[in-house]
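The following blocks contain the structures, represented as structure tokens.
Two complexes, one shared chain (chain A), two partners (chain B, chain C).
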Partner chain A sequence: MIDFQFLLDYYNNLPSLIKLVWGLVGLLIIVIIDFLLYLKYLRSHLRDEEILSKKLFADYETNLINFLYAGNNEIKVSNEQQKIIDKMVFCVEDKFKRGIFISVLSKLKNEISGEMAIDINNLFLKTGLINYSLKKLNSRKWDEIASGIKELTQFEITNVYDDVSKLENHEKQEVRNEVQLYYVNLFQFKGLEFLNNLKSPISEWNQIQLLEILQKFDDQEITDISPWLKSENDSVVLFALKLAKIYNQFQSIDILLDLVSHKTKEIRVKSIEVLSYFQVKEAKSIIKSNFSERSIEEQISFFKMLLDVADSDDENFILENTNHHNFELKLIAFTLLKKLNSKKLQSIIQASQNIENEKIFNYLEVN
Partner chain B sequence: MNNLKKIVLAEDNSTLSLLLKFRLEKEGYQLFIAEDGKKAIELIEENNPDLILSDIMMPFISGLEVISHVRNKLKVTTPIIVFSAAGQEEMVLKAFNLGANDFMGKPFSPNELVIRIKRLIP
Partner chain C sequence: MDSSTVKLILLIIHSLFFIYACSVILSYILLAIISAIESNQYMKRNSFVNYNEILSSTVAPSISIVAPAYNESLNIIENVRSLLSSHYVNYDVIIVNDGSKDNSLELLIKAYDLVKVDYLINEQIKTKPLRAGVFKSTNPAFEKLIVVDKENGGKADALNFGLNISNSQYCACIDVDCLLLEDSLQKMIKPFLEVTDVKVIASGGVIRIANACTIKEGKLLDINLPNKFIEIAQILEYLRSFLLGRMAWSRLNGLLVISGAFGIFEKKLAIEVGGYDTHTVGEDMEIIVRMRRHMEEKKVKYKVAYIPDPLCWTEAPDNYKILISQRNRWTRGTIETLRKHRKIGFNPKYNLLGMLSFPYWFFYERLAPIIEVVGILYFLILVALNNVKWDYVLAFFLLAYLFSIVFTLIAIFSEELTFHQYKKKGTGFKLVLVTLLEPFILHPVILYAAIKGNYDYYFNKKKKWGEMVRKGMSKT
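For the complex of A and B:
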């Protein structure tokens, strides 16, 4: 008590500034102690949650497997299956448990096909998980919406097309990507009809994903891609060009010939590449007519095309470009010349004093 | 005396392992489950199984290394079926070169797997 009185007197005699500093120190100590207690609570809470999550995961896994093997061919849902459904309907009311159950279903759905995969889809419907996914579509958070569409895709819910299609032109690309994956995964080539009205761009990554999904299907009969090649949306045209090449759309060659004069450079380059793949000789005169005005990418792309379709009529044009400022194009031009008229190439080699050309000639000698 | 045919299943997806365990035990096989390649090698060495089912992509030791260990180190001809995901075609070819007998692309039907197992160990 005496010591305490001494400290109190000492504090009262201190200057105000020091008193303030001591006050702040005290406050800081209280804050740090609170913070440490909170961290301790948070750590034990997270650990408990992790333990519970593992326990529930194992429990739901067993329930799912029991559900899949409790099926009876004579009736649609056996008594044992109904008991599991009833239990899960109750569980999925809790957001935490619902998340775990969906992850169990997803984990197996990705790995198996056939009747069991259909049974998993049915369980998604019967436990009412579909309603939670649909509710997510109206969320204000874009990641919630994307996750809702992803669930509907994974469990193959085709009858909510109208709800999903409302989000086709959503401001967030991630949501649009999920909508597009929903269409193509569930409606195959027919699902590509969204391209008719698409205002926003399709990301390059999503284009790759869509093409990969399409290649999985047994029915490879593609719908008419002409409207997409004529689209005002550049990304749709670029995607349609990929489809034209993969699915050998020879019937679209006339539109492809128009696209070499498209306002967007990337489309012009890609359409030359597709025409090159189809070896369309008619493209030569169109591109040659304004060759010098075209970008270097288009010029190189065209010369690569000539590697497959050049004939003696192209010799003068190729010869003119052996002096091109671009090294890659010049190399292709000399390669073409070697192929079409090796004597002419030999006479150029003998007369040449250009050091840069020497490298090309040396390369052509051994290749 | 235990006459059940033994199968080692190397698969890191616990739900799929559980599903196959239920199914294959029902068909009369004895299952040993490994959640990674390292555990799979231990189980193979301990139990000398009649068949090995292995995923290609697994933690620690891949399915390819498991096949290589079985064929080159243990020098046994136990039939091996590998599971592969889409886009792992090259891995599947490597698995066949190393000595795998069959493969199934994921997602696969458990019924089809049972048919393939019965063909390899009648």
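For the complex of A and C:
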């Protein structure tokens, strides 16, 4: 038998530090036992939850498909549909089931269109899910707010514009992103009006998302982008430059020509790229006037532009840059020279002793 | 020396060991807390992200996957297929055959209808020259594939060649034997695109162990826990390292390494700093430290991002010989990098990098095995001198052992509550069992490898990369 009195005496006579260590050992043993029990519970719980999720998902999906096909043109909601709605209203009261139900709705929404998609939006209203989403907008947790806006976007709830727009300048970028996606998804090009007064930057990620959403609409009539090209917010200008290119905004060329002298390098580079896309020859004289002072990125963009718009007047300028320190620019310069005056290029090739140039010449010979 | 002086010296030694051990435990506790906060935030941030829009976008940034290959004929066809199956639109795959002595190139030519092409390479980073040349496929299905055959120069040299040849804005440098999930690129590129207040210079991913997983035609079909102790123990090690350590350092913006097996860089910056260092075996850590140093010196606000999603799966060593060789190399890489950039350490000019990341890495990664061995030797001397209080030893030993178990269990919880990859019944028991045994079986091996790495670094300079014998992941 363990002599507990001996152990107790032994413990009491230990120095404080060793007492503390034994105390911690005891504590850690308790923690480990708790952890092991919790791990067992957690793993079983996660497995059960996954099985239940799959089952409920399949169940809800079947119900929803039945709902969609039980529609009757003569009456707004058939008896069969009403029964399904009642069942779902009961289900969505539970947070776990609500999450699954929304994911089923989202899945179906992505797979169908037309009348049925409208039916799904209506179901979102009739089952009362909208109330939960609206409630999320007032949450203290930013992720709940963002998820609420996402749901409202997904099920096209346009009449809560005022509630959503209040969050336009939310401190969290994720919430602002969702607000912007709401605007554009539901109000198309008109939804871009938020750009007029936007103070915070739009991330490149969100710009890409917005552009992709816009391109899905049948109506591709874009509103005037000039104010955005002149915005104080650099990210708005960059976004507008993308719009200008995608939607062929030739009427903005004058502003684009101004932008090649913008204070921000990225905007100057992107505007040269857009002007290059539009093949605007007027840009040549502006950029040439201070070419050497421009960044290497601008210089390369300009030379890429010359590939489309160069003419014999540019030959001397191109020739000057065949000795440029940047390989890419030099390659374009020689390519242009080959195009404009191949005899001149041949004479340079014959006189050249530069090994790096040799590689370019060999390449140009076969390409 | 009189006995009081000896006692004083012993007291100082004991105190130093004690303080070191306490600081290690404290740092682990802090890292676990920080990683829990960051994991929670990450899961929230990504719970409503739509990755689909970026897939079809023509304005999404271009990415080159650069994968060096050396004698990889066993798996290369499958591996390339896996790399070509990404859902991202704007990307290409550059396989750099680094002077392989086997028939990798011939296999690739045959499998992907490759033909030699004229390719003008801007050699911004000096590398070994081309051998057979640059190849592209005549089959439109493989139009994203570029195969480069060059003279052998090592992994870093091959990666540098990839950086030279790439025309993309970003380069994803990966090990060719890694299996990437289809949504890897869009998830890894997100940090570069979503941040507006700082410049993201690199993004690192989690590496998961694919041993025993079911893989078919370059796709991960089923995740299984291996049966071998050494493999499960490495899984636990990776969970601790990636889900606790790196997650926390990512939150602090103090990551010094992103795994060479899968990381994305802004190509322009990677070239600006001179690319990968060909003189180190820890090129993946070295380039990150150099990039960070460069940004600190330029006084530009920057971030090294980290994505904890299980996106990249690789084969881990399944025997101790290869494991020791791998860890030996990791140790030498760490020593080389810290030595090369020692100017950063404790230098307030480098902010968090100099005052926190670098010292942490130095004390708790670089010095840890040495201090541990010194501690063991000191303990043996005390035993020989019969100067050991065994009950105290037992108390401290139990404390260290139980703490290591708690820390590993936290890593398992982190995995269960986030990505929950090992779902099957019975795997929990196996993980717990290995958690209990790992400190006695795997840890001594890792310690031995680290000490051998130190020895080789100082006394066996010729030693380069160890050999990794691959069995192949194409199991169904």
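Keep in mind that, in the parts below, the second predicted complex is superposed on the first by the 308 of 367 C-alpha atoms of A that agree within 3 Å, B and C clash if a C-alpha of one lies under 4 Å from a C-alpha of the other, contacts with A are read in each partner's own complex, and residues count from 1 in each chain.
Basically, a residue touches a chain if its C-beta (ideal position, glycine included) is under 8 Å from a C-beta of that chain, and two chains touch if they have at least 3 such contacts.
These numbers come from a predicted model, not from an experiment.
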Which superposed partner A:22 touches (first chain B, second chain C, both, neither): second
First (chain B), second (chain C), both or neither touched by A:331: second
Which of chain B and chain C A:130 touches, first, second, both or neither: neither
Partner chain in contact with A:47 - chain B first, chain C second, else both or neither: second
Partner chain(s) touched by A:104 [first = chain B, second = chain C, both, neither]: first
Of chain B and chain C, the chain that contacts the larger number of chain A residues: C
Partner chain(s) touched by A:113 [first = chain B, second = chain C, both, neither]: first
Residues of chain A contacting chain B in one complex and chain C in the other: 212
Residues of chain B touching chain A in the complex: 13-16, 18-19, 22-23, 26, 86-87, 106-112
For the chain A and chain B complex, residues of the former touching the latter: 61-62, 64-65, 68-69, 104, 107-117, 212, 216
Residue numbers on chain A that touch chain C, as the complex places them: 10, 18, 21-22, 24-25, 28-29, 31-32, 35-36, 38-40, 42-43, 46-47, 50, 142-143, 146-147, 150, 173-174, 178, 200-209, 211-213, 235, 242, 246, 327-328, 331, 359-360, 363, 366-367
Touch list for chain C against partner chain A, complex: 44-45, 47-48, 50, 53-54, 56-57, 59-61, 118, 120, 122, 124, 190, 192-197, 391-392, 395-396, 398-399, 402-403, 405-406, 409, 412-413, 416-417, 420, 423, 425, 428, 432
